[in-house]
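Just below sit the structures, each encoded as structure tokens.
Next come two complexes built around subunit A: one with subunit B, the other with subunit C.
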Partner chain A sequence: MRLRLSYDDRSAAILVLPVLAVLLVVAAYPILYSFWVSLHDIVLTRPLRRPFVWFENYERMLGDARFHTAVLRTTVYTVVTVTVTTALAVGVALFLNESFRGNKLLNALLLLPWATPSIVNGLMWKWIYDPTYGLMNALLVKLGLLDSYRAWLGDPDLTLFLISNAAIWKQMPLAALLLLVTMKAIPDDLYRAAKVDGATVFQRFVHVTLPALRPGLMLVLVYETMISIRHFDLFLIMTQGGPGDASYTLSWLIYVETFRSLRFGTGAALSYLLAMLTFLLSWLFIRFLGERNP
Partner chain B sequence: MARRLMLALFSALFVLYVAGPVLWLLSSSLQMESEITAVPPNWLPPNPGLHNFIAIFTAGDSAEYANRGIAGFLPSGAANLLPSLYNSLQVGLWVAALNLVFSLTAAYAIAVIDFKGRRATLYTVLATRVIPDIALVVPLFLVIRNLGLINSIGALVVTYLAVTVPFTIFILISYFEGIPRDLYRASRIDGCGHWGALRHVYLPLSLPALVAALMFAFLTSWNEFLFALVLTQNAAAQTLPIIIAGFVMDFTTSFSFVNAAGVIAIVPPVLLAIIFQRYIVSGLTAGAVKG
Partner chain C sequence: MQEASRRGVLQGLVAAAMGVPGMAAAQAAGKVNFIGWSAAVDQIKAHIAAFERDTGVPVNYENFPFAQFRTALVTRLVGNAPIDVAWISDAWLPEFVEAGWLADIEDMPNLKRYGSETAAYCNQSMTYKGKQYGLSYYGDHMSFMYNTEVLQKAGIAAPPTTWDEVVEQCLKIKAAGIMEYPLLLSLGADTWLIEFVSALTFSFGGSFVDDKGDSVMGAPGGGAVAAAKWLHEAIHKHKILAPGAVETVELNGLRAFGSGAHAFTIEPTYRIRSLNDPAQATAHGKIRLALMPKGGPRGTHDTCGWIRFYGLTPAAKADRARRERAVKFIEYFGGRDTKGNYSLQEMLLLDVGLPSCALPLAEDAEVKTFWTRWAGGGAIVAEQAMKARKKDVISPWFGEWVESSNQAWQSVCLGRATPEAALAGLGTKWNELKRAFR
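Up next, the complex of A and B:
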């Protein structure tokens, strides 16, 4: 028996070690190393001077006006993106859950935004928003909703929402698919029973679909929040934090601080702050949405 | 009937929303620079042609390159587009292949073998994905730089492997757990070791999950931007998204050319996603029902 056990352990070790080795070098070690870096004043332009400064980087960033702006922008962007993505995904999932001709085709089409590279997504929407040649101006003017062409991304009040719109287009499909799978698992009996009891369509949605959808919804909310709060690609390609500081988010601040100012110490400290924020939020979601199982 | 009318209306709205933006990109890519800059815009290309795509594929050819008339202003990095396409393909295939081997073996061990430290291994694997990429990019840049691997395909392959492996292991574990345990016991009684059980029982029975894992690994590598931006510096290792992002931020670039480059970057992932739709959907949503 002891021999058999050790054969299991030995085999498992051989099978698992390659993965653990890769994750150690490319994930675990950098994460710990990053903490070490965040405690030093490392500026890449002065490679020989790197004093240990305890938590000074964190203190400096927490008191920095750019950090406050970035937190505000990230919050607005995340709340808008997550809310609209989820609402839209619930609608699309309800729609695709109906059986009708062409349903399979629409299901396949749903993968189009999901498979589109985020850079192409940014380029595509930037082109749609283009002040002179873009589709959006042409369409709105043609429909009579707009008098003259506008520089959409140049408007600081709109920029964040326009970027969010591009993100929603790409993120909605996966959310809808996750919700659709959850919906398909709801037994038909529940709907029939509700019908017998005289429930309207709306009542059936609120009292049967929504409670059963809770695990799927939680997954979508947590996942969408995680990817929105850290999103970077669209901000680089569409606005680079601008106009002014209208789209200056946390991920953009980290990028600027690290790779433009070459201040790796504060960059790493900011990364840790973002990681902690992410942890805190996912914990809150799971705490307040996950526990209340019917 | 009211229901049918509603469904038709929703279908139309759905197609418009999901496919509309891409169709506009496609339409733009088939127009000449002079047509694309018409106000109001041409909804459909007046003289559809592949001139922008030809410009991309001949950008490295100096004779053709001199003949700029074909597509307006070519960006200075136009010649890098084809090598970057090759880099993207190379990285994607390497990641997909290595990911399959790594996640297959690890998922088998975690799902099937009852070994010491099994839970700890699973949690370690999953925990690495909780850290945001943007937080990982700074230290990873330093680690890769210290290893002297900046601007190499290998650095990207290893990075993407670490990014994709936790999720594919998760997919495969949930699939393996659905395979009847009796098959495993029978194979062991027949004298198979773990390698034999993996090869003769789990590998042939989990093809759908393996396809999902392969697709996920390839698409993630193909689409990834942030790590590639930081870890690569020139055409020797830069992938397609990096080159395209460079075009977009270069104000002198011809719109039609950039749009064509975007279309080229969209085609492989979209084709793969639609061909392997069933596997991808079941793979991505694995575990969603279990909650």
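Up next, the complex of A and C:
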């Protein structure tokens, strides 16, 4: 059967072609080439050898204790960051959905943390946590909650949560706005009908707001998970994976393998593993939240 | 063929991204392409101006922060950037030689003749498999430093000579209520950590590897394990060293010690100048040097020494014109200038505090005055320099191994691993990398 294209189809194809060509060069080729790299044992400091090793890099990384640690740390970090960000965002969106004086100003102010560059955010929180002149120590000591200054980021039990806190501070505003937009689209009739039926505030939230929020929640969960699972800048600025291996996440491991050990083969393999994990989680969110979308 | 062309494309992209066109143009214009890290930039620029004036050879100078320098240099070398001379750390020497990125100077008598005027450990640190690969930029070692005012307040007459005495004196200072953590060690996972722990290990009479290069770092009762145990006890048992030390990188440690908040520390010797400089430190004039304390029954006053040097690339060596220019440059910067003086080495010491590998400078009047002014005399510096040992873990796989080393030592400090287990694991990693290199 011959494919017959209309004039419009042909015109559209011709107009799309330049963009497609650019995408092939800047996106498709690097993605495919990095997969090819992941099948080689490439160490930049040994430029005279680059054997093809099939999936050995993947095998080696999957059996590496550092990888297991990194997966655990990434999971904890992602679960904490996404859960708290989403919960706070729902609360903030509910609050901003109400009509009150100064609502618009608050909406604008809410965007400030989100608009702060990641590097600035990382440095700001690093200073806040600083063991000698940090605001957090000063505040807690003044309030009598702490006897003396502590090295917060030097405590391996707290590090991950403190970094997560910095991430939540930056990411929550966008999540709140996304949910607010969804909330604004909920027809008032639903709330009025629920009130007539005698539903309490909590019942209206559970039976009206939450189901209607599902598309927004799915978007927030997918977006925040993808951001958190690949988070790197805060780890670079605040702890460099430490202390010890306390903040050794997958992104950090990829950085170490690729740019410190200069092992491009295993670095690329790890990147693919991370990408697969991200796709899998996104797919799960879409499948379980998306299909039941009313 | 396909492989070669693909690599060519990549090399081209890397080179283009790294600013190679500028270097290529500089090379075509008969310039020496020199890359260093962002240290002593004013002094280097001044010396480049002097070099250009004295020899008529122009120089194209670029610098990057030290933290990114190795990666930046490697990507440029992989991209065949036309570099002639680069600052090299002794830690990278085997790795770079094996990669074919450094050329030896064995057949260059103009440069080789400086061997007799260079401190032995500096010569050793520039030598790999019997061949020398450059002339020194500077050579230094880790020094034990103390704050005289704190010791005086605590009624301590002399600085400690053993690590046990360090504990005793720290406890005395704590008991007097002078400070909570008298000892400051920068155990943050930056590039200095291996030098700190090497100094500590050597002072406990230990080493990381044996003469054959096999790991002995995890040997029970060995110096490395003893040093790690001491560190762990200093933090968790004696509480003389803050647990937050694992968060302190060298530069922050320097500032904290300069503020007068601690009694003892280990720092690179060249930091003594800034620590005693009124413009840079509150505790100025009170910081003095002592020999590295001995640790345990087999302890020594040994410390970890290192050098940075001017390395020549094989491409520069292979081209006669480039080679002539580069050799002139290396001699002028790493050896004597056209007037026969170690002018750059002297300037680096007097301005920045960087000690030199050049032995004749030790007798220079200005150098003696410098040590008297900033360190209360040069005797300890000279004696400690004689006891400096290069890092025994320098190997072609050092860059890969050191990341694990930093983690292992931090885990010990945090109490997350026993010294024996952490260092045994580190030894296993060493042996794996060594095997994989063959």
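Quick note on the criterion: the second predicted complex is superposed on the first by the 279 of 294 C-alpha atoms of A that agree within 3 Å, B and C clash if a C-alpha of one lies under 4 Å from a C-alpha of the other, contacts with A are read in each partner's own complex, and residues count from 1 in each chain.
In this section, a residue touches a chain if its C-beta (ideal position, glycine included) is under 8 Å from a C-beta of that chain, and two chains touch if they have at least 3 such contacts.
It should be emphasised that the depicted structure is a prediction, and the values quoted were computed from it without experimental measurement.
K.L.:
In the overlaid three-chain picture, which partner chain does A:F95 touch, first (subunit B) or second (subunit C), both, or neither?
P.N.:
First partner only.
K.L.:
Taking the superposition as given, does A:W125 touch the first partner, subunit B, the second, subunit C, both, or neither?
P.N.:
A:W125 sits against subunit B, while subunit C stays out of touch.
K.L.:
Figure out whether A:F288 sits in contact with subunit B (first) or subunit C (second), or with both, or with neither.
P.N.:
neither
K.L.:
Spot which of subunit B and subunit C makes contact with more residues of subunit A, would you?
P.N.:
On the superposition, B touches more of the residues of subunit A.
K.L.:
Classify the contacts of A:F55 with the two partner chains as first (subunit B alone), second (subunit C alone), both, or neither.
P.N.:
Neither subunit B nor subunit C is touched by A:F55.
K.L.:
Answer with first, second, both or neither: which of subunit B and subunit C does A:F259 touch in the superposed model?
P.N.:
It touches subunit B and subunit C both.
K.L.:
Under the stated touch criterion, which partner chain does A:W114 make contact with: subunit B (first), subunit C (second), both, or neither?
P.N.:
first
K.L.:
Just subunit B (first), just subunit C (second), both, or neither: which does A:P243 touch?
P.N.:
After superposition on chain A, A:P243 lies in contact with subunit C alone.
K.L.:
Is there a shared patch on subunit A that both subunit B and subunit C touch, and which residues make it up?
P.N.:
132, 240, 259
K.L.:
Please give the residue numbers of subunit A that touch subunit B in the complex, ascending.
P.N.:
Counting only subunit A, the residues touching subunit B are 7-9, 11-13, 15-16, 18-20, 22-23, 25-31, 33-34, 37, 92, 95, 98, 100, 102, 106-120, 122-128, 130, 132-135, 138, 141-142, 169, 173-174, 177-178, 181-182, 185, 215-216, 218-219, 226, 229-230, 232-233, 236-237, 240, 251, 254-255, 258-259, 264, 267-268, 271-272, 274-275, 278-279, 282.
K.L.:
Across the complex, what residues on subunit B touch subunit A?
P.N.:
For subunit B paired with subunit A, touching residues are 4, 7, 10-11, 14-15, 17-19, 21-22, 24-25, 28, 36-41, 102-103, 105-106, 108-110, 113-116, 118, 121, 124-125, 128, 130-140, 142-143, 158-159, 161-162, 165-166, 169, 193-195, 219, 222-223, 225-226, 229-230, 240-241, 244-245, 248-249, 255, 258-259, 262, 265-266, 269-270, 272-274, 277, 280-281, 284-285, 288-291.
K.L.:
For a test of understanding, state which residues of subunit C touch subunit A in their complex under the given definition.
P.N.:
Residues 71, 74-75, 78, 95-96, 98-100, 180, 188-190, 242-247, 256, 396, 399-400, 403, 406-407, 410-411, 413-414, 416-417.
K.L.:
Name, in rising order, each residue of subunit A that touches subunit C in their complex.
P.N.:
43-48, 131-132, 148, 150-151, 153-156, 239-246, 248, 256, 259-263
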